[in-house]
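Reviewing the structure listed below.
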Amino acid sequence: MVSPVLILAIGLGTAFSLGLMKPARTRVLFGITLTALGVMSAIALGWTLALATGAAQTAEIHTAGVAPPFAINLRVGLPEAALLSLITLTGLLAALSMRAALLRLGRGSQAVLLVLVMAVSGLVMTRDLFNLFVFIELIAIATAGLVLLSQDERAIGAGFKYLVVSQIISILLLVGIIFTYHATGSLNIDDITVAPVAFRGASLAMFLLLIALIVELKPFPANGWALDIYTSAHPGFSALFSAATGSAALFVVDKVVAPAGTEWLPLLTGIGLLSFVASNIVALRQENDRRLLGYSSVGQLGLILAVIGQRDVLGDAYLYVAGGLILSHAVAKAGLFWMSSMVRGRKLEDWAALRTRAPMVLAFATFVAMLVGLPPFPGFYAKWDLAQALVAAGRLPVLTLILLGVLIESAYLFRWFGYAIKREAAENGLASNPVDCGITFATVAGGWALGYLWGNGPEQFNLLATLPAITAVVFILLEPLDARIKNGLAIAALLGWFAMVAGDYDPMRLIFAAVMIPGGAVILLASFTEKGRRLGFYPSAMAMYAGLALLLEATTFFEFFAAWEVMTLGSYFLILRGRMSEPHALSYILFSLGGAFAILTGFALASGGVQPHPIDGLQDVAAADLAPWVFVLLAAGFLTKTAAMGLHIWLPGAHAEAETDVSPMVSGILLKAGLFGLFLMLMQLGRQSLYGVDLTVVLAYIGAISAFLGAVLAVFQEDAKRLLAYSSISQMGYALFGVALMNHLGWLLAMMFVINHYVYKSMLFLAVGGVYKRTHTKLMYQMGGLITLMPFSFVSVLVGIIAMSGVPPLSGFGGRWIFYNAIMDADLRLPLILIFMAGPVGFLYLFRLIHTIFLGQLKDPHRKLKEAPVWILVPQMIFVAFLIAFAVLPGMALQKVDGYIGSIFGDQPLVWHGRAITSEFGYWNPVAIMAVIVMVFVAVFAILIAKNHDAQMVKQFNIVFSAERPYRPETTHFAWNFFAPYRKAMGFLETPVVTSFWGGVTGGINGAGEFTRRFYSGNGQTYAAHVLLFVVAVYLIAMGGIA
Amino acid sequence: MTFEWIQIPYALLTLFIILNYGLLMTAVVRKLAARVGGRPGIPVYQNYIDLVKNFALRSKISHGVMYYLGPVFRLTGGIGLILFVPTIYGSSWAQNFAFAGDLVLALYFVFFGTLGMALGAGESGHPHSAIGVSRGLSQVTMAELPLALAVYAIAVQYQTLSITEIVAAQQGGLFNWTLFTNPLAVVAAMFAFVGTMMRSPFDVVLAPQEIPIGPPTEYHSAYLALMQTNRAIFPIAKTIIYMNLFFGGATSWAEFAIKAFLLYMIPAVIGVVHPRFRVEQSIRFFLKWGLPVGVLAILTV
Amino acid sequence: MIRNVLIAGLVALLGVAFWTLAAGYVPDAELNRTAAYYAANAQTDVGAPNIVTGIIVTWRGLDTLGEVTVLFLTSAIIALVLAQSKTPPGASGAGFLPSGELLTTGSRMLLPLITLLGAYVIMNGHLTPGGGFQGGAILASGVLLMLLADPSHRFAHSVIARVESISGLAYVLVGLAGMALAGGFLDNGILPLGRFGAMLSAGAIPLISVLIGLKVGAEFSSILESLEETEDA
Amino acid sequence: MAQIALATGFVLILAGIYGALTNRDILRMIVAFTIADTGVNVVLVAVGFLPGRTAPILDAAVPVAQAAERIIDPVPQALVLTAIVIGLGITALMLAYAYRLFRLRGSLDISNFTELKW
């Protein structure tokens, strides 16, 4: 293997020798530059590979043939080699990205680029303090030079501001270096001795050295200069600046602080966290894409700085965590900058142009997911390990701030992604060409490869090696196929998976699996309606199903969490597909991530740092002091998914604006994941009390409130899908209440809701979606009288609402019966009132749904409508058949579950004999009920037929009132504000308290961002003053800390 | 309890008795109300005349399938309710099909007819039908609440959901009635009873005197006949439930007749002397008075 | 005004830190171990009497290579910065009066002397104070003199660029040769150390000094020239 | 002696920074930074100074054997050379930038170049 010094020598030698060529032969020159960068990358990659596989040992390179500290030495271990690969590859791709500018400005600019890559590599390798300084200055100068490649005239001002700050940094650095030298008698980094954070001597020198290196990392607020560069420089260069220079600078801080001792780490942590959170807050208000990326870059650097500050508790995982975060950041940020060179406009909305190239959307999604730390990318694994270590070390505040920052970051990144998917795309807004696309895809491939590598880490659960995840990825590759073919494959995949795993599940898990996997396949039948290729649908849907499948398979905390995030991400993309769903998808992903972070923290708290930790191990902490906190965190996460009142505001929009076949997926299926989590948690943790309050009681209250308020809000909706969405909140409230009762029948009730809610909500969403496909409106008062035109849809809505309202003989009644038996045992009285109130209110909105759509007066524009597409009806009819069968034979699904729950609680309150069920308190004979009702109904019907057998349909307006004959359906169809009297009495419950609360939270954060960003006045001198202020402030605080 | 074929003629007999009782009693009540107002009122057989007349009429008019089925649902709801509740405690034959389900079944089956009726009326396209349904549903959400609470209270009190067992628990003297063992629950339930019997002050749903509002607006002939049949038996069916739950049930048909009549008179008397509430007023009324009593009932069990 | 006061305050606070450094500073009584090593091994390791040059060229040769690169970068970037503002050839200097006889002759007389001095300083860098940088700067001052004396005169860019490239490339190659033939990158041991204190001794140091001198001279000249060729010159 | 040199160096640094942050004229800023750079260089050299010793050149006055007792620390001297050259490079670059900025706006006031902000 060749020596890594060659990376430096080749870079430098090529830069020098470019001057020997004729300047006019630009293509040859550029070819040489690329070749040099390629060879450098090859060397770096070769070393990375050799070190990773153990084929090589860490290379200690002595220059001048003399051992350190007397001559400069270099070191290439695994982290160095990985960084070198990152740097040289980024350099190579950046050169390609900047090809036009490099060719225009000729060999000088190419030499500068080569030197920059060389210097950044040198920065990583060198072990000498002063050599560090030389490389830093080389980078500064080269940066100032490459900024000029930009066509943007403002870049000149930015470059000058950058030089001004570099001067200040170099002054501090030199003073720090020379006094460190004086103190240790050596310039070698390994000779730096442990120095306490102190007010004088070696410590002060160390402080100056460190702070200068930290300022290189563009910490908030001393980073105006860097942001200007990001905004105005050529994006190809910005990628290099962010990915390569930034990562190398981080490594330098790490390199220097490691020997100085752990006492310095809190300093890094503090600065890093401040920078991370504040930069992200400021970024919220940013509208320029590259400046946004700039804020995000400085934020990410802050995050990793904070992680460096945790190296004392990360132990062996340190490299894995920090490396995962650095590489995620670097790959994603570089990729985004390179993409930005293809987007013509500079506003975030202009990225909508990406839609014209579907693979670009995939790239964008990949990068956003990488930055936020979602699976299957390295940042995700890193975040998990970080959280575990932080909680185990008792650094919960650090974790909280990090997660807060990530949440804010995801807010603007996903908002941006939403713009790209949903906003008006400018004509010709994308300058796509093979080279830039190639660069982007090389980066995307790198990201996925890293994801796989990180998943392959020691004792790690590799998401990308699981069958469901692979299937989802395969569906990305299948995108060019026709939607119908893909749909068939998707259904086959789901059923195949279910057939494979179903045998191993306990009855409860089996019910969830049946709802989630084959249940999903049934809903997918409706997708046969869609023509064309339906880009983006199948990968997203299959990702969601993969997440669900893995969730059921999960045996450890990590597997559960990973599955949870995959599911969230997939469903986000699905929801975003809806026509008006941009803001709703955003709030969905934010709430989901917030919830996921609560789960993450909860798991970390429970595991105490032990990895991998089995889910069944949760019961070991049930008796510990922290158990209630674990309970609270996990419950908060799961309740976000079930959209409990207070955390629900994402749901109505997300479910209502989704596509016809997506709404049932996210409503009928996805919500069950939260219930599944709650079951798992309660099974392990049992009842917990916090400050004397039984938390299951709190859950019961939340469930009851959700059940009631969800129903009341549903009553007041004019939009059919919104109505159904609010109804889901209410239904999940019931289920939550059942779970929280913590008795056998309560759980059985919840299981019943899992099945029933899936069936009737999917059915209703499909029916309403079918109607929407024909009428193109979701506003119920604009419809009416559709019963004769869409009889099948009507039947499914009819059966759906009967089942849902709990009227015998359909299966909803079974739920009510179990409910009454369950509450007989419970000592909870007050929340019951709300549940009792919710029941009849449910009747209100259900009647409204069927009446205003299907009954009443048919509107003129609708006279020629046809029945909904047949593929939308097929699943509905399956559901109708199932509901009737389930109503008569509830035992087919429930008896086994009942037995299983009995094994948990150790009781068996229900006795199943034949078709009848008896409990301690009452009895229920579904067959008899059905028989009696059918008999009576048929008898009465026969009487009516006998009398009025020849009745004929009369015309629409053959009705009389107030001595007039009405003639306009619009004025005759009583539909808008249908429950006006109810609104008069109960309308106060509609006050959007929760919405205003969350609006206030986001408004406050946005306001803070708007206020803070005024700090960046654009004046280079002010920026320099910020740097000085930053240094002095940190100095005072650090010294105040020790005093 | 299991099914035997003999139960079918028994149940039909019960049904027949209750139908006649309902027809007569409603007429009597109407006559009483008229006399209170200084009018002569209808003859007691008037309901039979109406019913026979309407059954004799045939109609060629239909507004659609649901319109056609509306009265069927309605009457099925009424008959079914009677069939699912045991009428006479201790009687060997007047137990109907109570083995199919317990109190919960009765409570939820009440909605069956209402729903079907509302759907049928809705298809007629008459706005007054829809307005009536809107009012009725809005009102019933609150009116039924005290009953639900009261039922829960007594179910907990007697530790059973079986109507027969609840009645059994009240045997052995006046003071074993729920009325005395759990007066709060009974008061709460009576709020619901008065509120759902479609009498003043809670009858704005049908607004029977002024303009025809409410579900039956567009129904006539045999359709109306089915509904009139239901109107005769449904209140009785409901009264039976109240009687069984709160007033000791009935051990004989005579006891049944008296208790049903007295219970039925409660809303009738209140209706005669009270003006009508608007829907939001009645909702607030139940919220203010019915709900707290119900809450007290479940808290004090 | 307020701004200035604030900045003065900040600077004063920084001054406090510096003051602490200065006040706590105790000069070493003995050479520290690095310096002591250099003093002891200057003769055997690098063979250069001027220890500073030994450090610059060999022990800390990587720094020096970087340093040369700094100049290279600066000159390349300045050429880039000013490229767009360059006036067409021939037009430059048109606004200047022709240089007087005295100036022209004087500068022609001085130029060889300056060059000679530069060469001397370069070649004796390992023996006496001096070296590639210092010599290179002297060489460039000759170029500066020419530019000032005759503003309309043009140097051959390509010559300077060649010198720049070849000397830089040669420096890197010498460094690599150190890796191949001696102890490591930039080891001066590729050539015999020779007699201590002689002109041609100390291994590759004189060679590297020459390369540095040429490189520095060329870079400076190139920078000066670029600056001179802007239209305002 | 060393303290005096150090103090002088630090004063130069502070004066330079103050000047660079208060003068709006870009050329003056550059000059101020040169002053600060000089200050840094003075500090560098001052740290290598040992009282009563001579330059680190092994000649007749300083035989090799006694070198360790006779010479001052050569390292800072080597460093300062590099620092000077780097400082020079940056200064030259800043001047070139100043030129471009002037061409762009006809002004050398740094507060005129604030289009990039927020």
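Labels A, B, C and D are assigned to the chains in the order they are written; within every chain, residues are numbered from 1.
Note that a residue touches a chain if its C-beta (ideal position, glycine included) is under 8 Å from a C-beta of that chain, and two chains touch if they have at least 3 such contacts.
Small disclaimer: the values here were computed from a predicted structure and weren't measured.
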| item | value |
| --- | --- |
| Chains linked by the largest number of contacting C-beta pairs | A-B |
| Computed distance of Cα centres, chain C from chain B, in Å | 107 |
| Chain B-chain D separation of Cα centroids, rounded to whole Å | 99 |
| Centre distance in Å when chain A and chain C are each reduced to the mean of their C-alpha atoms | 54 |
| Separation of mean Cα positions, chain D and chain A [Å, integer] | 50 |
| Contacts with two or more other chains, residues of chain D listed in rising order | 13, 17, 21-22, 47, 75, 79, 82, 86, 89-90, 93, 97, 100 |
| Of all residues in chain B, the ones touching two or more other chains | none |
| Of all residues in chain C, the ones touching two or more other chains | 7, 11, 14, 18, 21, 25, 28, 32, 34-35, 38, 60, 63, 66-67, 70, 73-74, 77, 81 |
| Chains touching one another, given as label pairs in label order | A-B, A-C, A-D, C-D |
| Residues on chain A engaged by chain C in the complex (per definition of touch) | 3, 5-6, 9, 12-13, 15-20, 61-66, 69-72, 105, 108-109, 111-112, 115, 119, 122, 126, 128, 130-131, 134-135, 137-138, 141-142, 144-145, 148, 175, 179, 182, 185-187, 199-201, 204-205, 208, 1025, 1028-1029, 1031-1032, 1035-1036 |
| Touching residues on chain A, where the partner in the complex is chain D | 130, 133-134, 137, 140-141, 144-145, 153-154, 156-161, 163-164, 166-168, 170-171, 174-175, 177-179, 181-182, 187, 224, 227-228, 231-232, 286, 1013-1014, 1016-1021, 1024-1025, 1028 |
| Contacting residues of chain D [partner chain A, same complex] | 13, 17, 20-22, 24, 26, 29, 33, 36-37, 40, 43-44, 47, 75-76, 79, 82-83, 86-87, 89-90, 93-94, 97-98, 100-101, 104, 110-111, 113-118 |
| In the complex, chain B residues that touch chain A | 3, 55, 58-66, 68-69, 71-73, 75-76, 79-80, 83-84, 97, 99-105, 108-109, 111-112, 115, 118-119, 122-128, 130-131, 133-135, 137-142, 144-145, 148-149, 152, 155-156, 159-162, 211-212, 217-218, 221-223, 225-226, 278-280, 283-284, 287, 291, 294-295, 298-299 |
| Contact set on chain A toward chain B in their complex | 785, 787-788, 791, 798, 801-802, 805-808, 813, 816-817, 820-821, 823-824, 829-830, 832-833, 836-837, 839-841, 843-844, 847, 850-851, 855-857, 919, 921-925, 928-929, 932-933, 936-937, 940-941, 943-944, 947-948, 950-954, 956-959, 961-962, 966, 972-975, 978-982, 984-986 |
